[in-house]
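Notes follow the structure.
In order of appearance the chains are A, B and C, and numbering begins at 1 in each one.
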Amino acid sequence: MSSRPMLLEVRDLDVVLRGARATPVVRKLSFEIRRGERLAVVGESGCGKSVTSLAIMNLLPPALSVTGGSLRFDGTELTALDARAMRDIRGRRIAMVFQEPMTSLNPSMTIGHQIIEIIRAHEPVSKAAARQRAIELLEQVRLPDPHRMVDEYPHRLSGGQRQRVVIAIAIACRPDLIIADEPTTALDVTIQAQIMTLLTSLQRDLGMAIMLITHNLGLVAQVADRVMVMYAGRKVEEAAVGDLFDQPRHPYTRGLLAATPRPGRRFPDKVLQEIPGLVPSIYDLPPGCAFAPRCDLATERCSAGEPRLRSLGPGREIACVLA
Amino acid sequence: MSPLLSIRDLVCSFKTARGVVRAVRGVSLDVFPGETVGLVGESGCGKTTLAKSIVGLVQPVSGSIRLDTTELVGLSRTARASLARDVQFIFQDPFSSLNPRRTAEALIREPLDVQRIGTASERTERVEWLMHRVGLRPDWKRRYPHEFSGGQRQRIGIARALALSPKLIVCDEPVSALDVSVQAQVINLLADLQREFNVAYLMITHDLALVEAFARRIAVMSLGEIVEIGTSSEVWNAPKHPFTRQLIDAIPLPDPARRSYAIPKG
Amino acid sequence: MMRRLRAMLQLISARWALVIGGVLLSIVALMALSANFFYPDDPLNMAGQPLLWPGQDIEYPLGTDSLGRDISAGLFHGARTSLLVGFISTAVALLVGTAVGAVAGYYEGLIDDILMRITELFQTIPQFMLAIVLLAILGPSIEMIIAALTIVSWPVIARLARAEFIILRNREFVQSCKVIGMSDARIIMAQILPNAAPPIVVMSSILIATAILMEAGLSFLGFGDPNVLTWGTMIGMGKDQLREAWYIVVIPGLALLVTALALNLVGEGLNDALNPRLREQR
């Protein structure tokens, strides 16, 4: 794990929501992704995981901005790049796969056209060569009949097929890193299995790294090498996937795992194990540990100050005073 | 015990741009009083159409839906309206299923107003009691849907469905749009309410793992037909139909030691 | 103190269209309301020396026309007529148009087809021509002008209402009301209509402006009520003196411009005010 070269280094990332008061949405986030590895970023609504990926790609909406920290990609500081340099990186070296295949594809362009566009945006190839590449890519993502598909319009495809096209576009320039933000949430579970298997085998074959953003712990267990758990804009735990599931340390991680339905498991007085309360609003974070109000182990120390992120070993971190 | 809801050979179809689509092709299903039946399937299998036909939002082409002894298919709109007291519906999207211009109180009160149950003050009392029962603070009753979180909005939807004390609530993916920890809260709430009021649920979902713990029986639907039905442990542990097996195999288990996805190490 | 001032300025600049439009409209409304107070006589009567320039005589601050009629009296009374015609015709068009559009959009099918064919019938005939023909048949009185403008304006609202109802009819909250046994009438009036209202309200502001301008056009051409002085009639009567006494045309012309502008600004301001909240609520 640590023998692989470093690819993405995020240090103390701060993202803020503009408004009457600047409200922090991501707070002092630090993590790494090495070449070829699969990092899962887990959390529920409002934890900042999607915002983080948009910050890396410099695709934040106008209301959000990076106010601190560093994003080093293969040695280059991304926050210092101008728009043109960032455009060069986007698509060619870092690619993104979003949740909604319906809106990720342009409905008025053929699939082939969209793939060709991205190839020719980054590489000086002829249209014919790009078209040939597009057909090969459609084969790689296991779409049936690629010679015909290349001239089809998105609306004629199913959700799963569209997501394959999105993946084809993502790998078109053989990026070093793919950021997949809930890539299968909108898909049926059988299609999800196919798409995730495809994504991970492509990732291995092409030597790419994957940052998988999801709330589905089942997917995490099946796919990830390492896991980072986020809550209210901060990292609260990080571990290798086996360690996280065997010995979750942070109460929130434990709560999430317990709340995930496990067929065959029964509780005497309830159907599922729940975490009481709600995720706090970013405008109204509780003092100290953001999870304390919902934590059954919370003590006074927890509300006194925000717990520091401590290292428990290589790649093992926890932000809890009690763990 | 005779079934509360009895569906026999139900057929639903509708016209699309590409011709007639038969979404439900001869489905038969029973729901007994106080039990939860899970209806599982993937998108396009017809489960939502079936659910909507039970509450009259879709008119079946043929077949029968009986609630106790009353035949629901072919009922006039007015007769259907009075049946609202027995069968209710919880929608999937907690945002779009609530009128954005109504307060929480107004939304929960509407069924009582429409069905003319109780006096004005009795209705107010019932609304407060319902809100409390579903875990919402009654002093939030003047807030609007956009002021609540997704899980809280779904609780409003549950209170609204419960207002008329129905015998059966059809739940269409009631927790799919919610975070995992909130899903657990809402499912536990539904189970509590069932224990207390003996209400039956027909729970439509694509999440087999979720419904396995909650439902007594599970029906698996594919392409408009029910391909398997049994108790939840039967269906999970000894699935007979290949489609059920496919569904089960595709579910990502939260256990890294048992990887079913064909992921290579390294 | 400075912070409150800044907050107020921020509010005003965000809603500047509404504020400016509202102020202008209020001025015109005040003129209309005080017309009988300041100028109790019929403005069509001769009042003083003809062709007096504005400022020449204090008693006639805006001058007189070729027949000695007081221009400012005409301005005030014209305001009254214009606003009356604009508001009443739009109000009735709103009622009729919303009703037709709502029913067509909610029920679809045959009812929708029939109602839309009728709507289209009224829409294909050019508005101005239709108004002239109607007035020729019905006779040129203020009441008939209002009727003609109503007939010409309702189809646009019907189309808009129908579009909104088609979208909202399939929303889950409407389905939820059907499930609890709500009648169609109640669903249309109490559930869908309040949600469909914002774009219709915005459109009606524009429609009032259009009605006022159309009435002015009709009066200018001589199709107006001969017993009522409106801004359009004033412009019509002053067009022969355009070279020497252009104020006779310009003053009522400016009044029309300001009123139409005010209404458009209010419409735009309402659009901004109503839509973001709607987006938030949706």
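Here is the rule we use: a contact is a pair of C-beta atoms (placed from the backbone, for glycine too) under 8 Å apart; a residue touches a chain by one contact, two chains touch by 3 or more.
If you're wondering where the values come from, they're calculated on a predicted model, not measured in any experiment.
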**Chains partitioned by contact, chain B not counted** = A | C
**Request:** Tell me which chain's centre, taken as the mean of its C-alpha atoms, is farthest from chain A.
**Result:** C
**Request:** Could you see whether B-C or A-B has the larger number of C-beta contact pairs?
**Result:** A-B
**Message:** Please tell me the distance, in whole Å, between the geometric centres of chain A and chain C computed from their C-alpha atoms.
**Reply:** 53
**Request:** For chain B and chain C, let me know how many angstrom lie between their CA-based centres, rounded off.
**Result:** 49
**Prompt:** In whole angstrom, how far does the Cα centroid of chain A sit from the Cα centroid of chain B?
**Reply:** 31
**Asked** For chain C, which residues count as touching chain B in their complex?
**Response** 171-173, 175-183, 186, 191, 194-195, 278, 280-282
**Asked** Where on chain B does chain A make contact in their complex?
**Response** 42-43, 149-152, 179-185, 187-188, 191, 206-210, 212-214, 233, 236-237, 246-247, 249-257, 259-264, 266
**Request:** Show which residues of chain B lie in contact with chain C when the two form their complex.
**Result:** 52, 55-57, 80-84, 88-89, 91-93, 95-101, 110-111, 114-115, 144-146, 157, 160, 164
**Sites on chain A touched by chain B in the complex** = 44-45, 159, 188-193, 196-197, 200-201, 204, 215-224, 241-242, 245, 255-257, 259-266, 270-276, 278-279
